[in-house]
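To keep things simple, chains are lettered A, B, C, D, E and F as they appear, and every chain counts its residues starting from 1.
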């Protein structure tokens, strides 16, 4: 029953998201030996102004 | 101090959400024997184009 | 496809957890009009020494 | 490698968010003895109509 | 900066986890066009007695 | 109502955790202009064998 929650910067197209959930699910089934129907993937778009590394928002990085 | 985070497909009305957090909090207090004031519920709307089961986004399902 | 993630203090018995996931799922289906099979509930036990309110860990509260 | 995920009511300005991630990262490095580059902070804006305490959405509180 | 949080039933060996994070990261980089160093994966082991589908804990399923 | 969820490598002492939640709460109140009582902090210990960067578990890094 893997549940995969992915935070990523916003801006990916519908096509890229579709291929990503397909690829990540196939890889999960292959490596964890589980059925595709048991794999849930939830994508969360995060704004660069809501994600910081080293104390600096990505919207502020040069 | 239960904290309840709920991901659901977007589109529920304000009325349904209001009744949902009320019902889920009452049921939590009854079953876990805790005070209503200690129960936090956070709802997260997820687009069908951001949630996949079996590698297929719900926005793509027929 | 509601996904319900619940953080609670550790220490609940298997019986209480069983009744809790049953009750919370029934209430979710009734209020959000969804199928039981679509509801996932994940419980996370949290130690009182890992949860703080107002800056004080619950393990330290008198 | 601390990962800090913060849910807060929506409405904070970009300036407040920038100072917040800076302050929280500095405090984390000081107290957990870690490098700034290892600290990730993700902010999540939550609507008052998506957050309930004691079974009541904050959008409904008087 | 993808962040991937995976909940799975406990019991996977260290070898399977090592191959899983490697495979999932490679697939993420290929599909989202990002650098390996930007991908974080956090695995969370969940007991069957803490995960319910359709209101029934997996520890109770026959 | 900020909710702060922190994933960190396991191994911090009770003293460090106590000072950390105190410091992080004080900084949050100062910067977000909120009451201490409204700040929840949940700490999650993560094993080095459950956290990967660049596809490599921290338990495997030399």
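Some notes on this structure:
In the analysis below, a contact is a pair of C-beta atoms (placed from the backbone, for glycine too) under 8 Å apart; a residue touches a chain by one contact, two chains touch by 3 or more.
All figures in this text were calculated on a predicted structure; none of them were measured in a lab.
Touching chain A and chain F at once are the following chains: B, C, D, E. Residue-number overlap of contact pairs with A-E passes half for only one option from D-F, A-D or B-D: D-F. Comparing the residue numbers each copy contributes, chain C and chain E share less than half of them at their mutual interface. Spacing of chain B relative to chain E, judged by their CA centroids, is 22 angstrom. With each centre defined as the average position of its C-alpha atoms, the distance from chain B to chain F rounds to 25 Å.
One simple way to say how far apart two chains are is to compare their mean CA positions; for chain B and chain C this gives 12 Å. In chain C, the positions touching at least two other chains are 1, 3, 7, 24, 40, 42, 51, 53. Chain pairs that touch one another, listed by label: A-B, A-C, A-D, A-E, B-C, B-D, B-F, C-E, C-F, D-E, D-F, E-F. Contact residues of chain F toward chain D in the complex are 1-9, 12, 16, 19-20, 23-24, 27-28, 30-32, 51, 53, 58.
Those residues of chain E lying in contact with chain C across their complex are 7, 46, 49-57, 59-60. Contact residues of chain C toward chain E in the complex are 14, 17-18, 21-22, 24-26, 36-37, 39-45. Against chain F, in their complex, chain B makes its touches with residues 1, 3, 40, 42.
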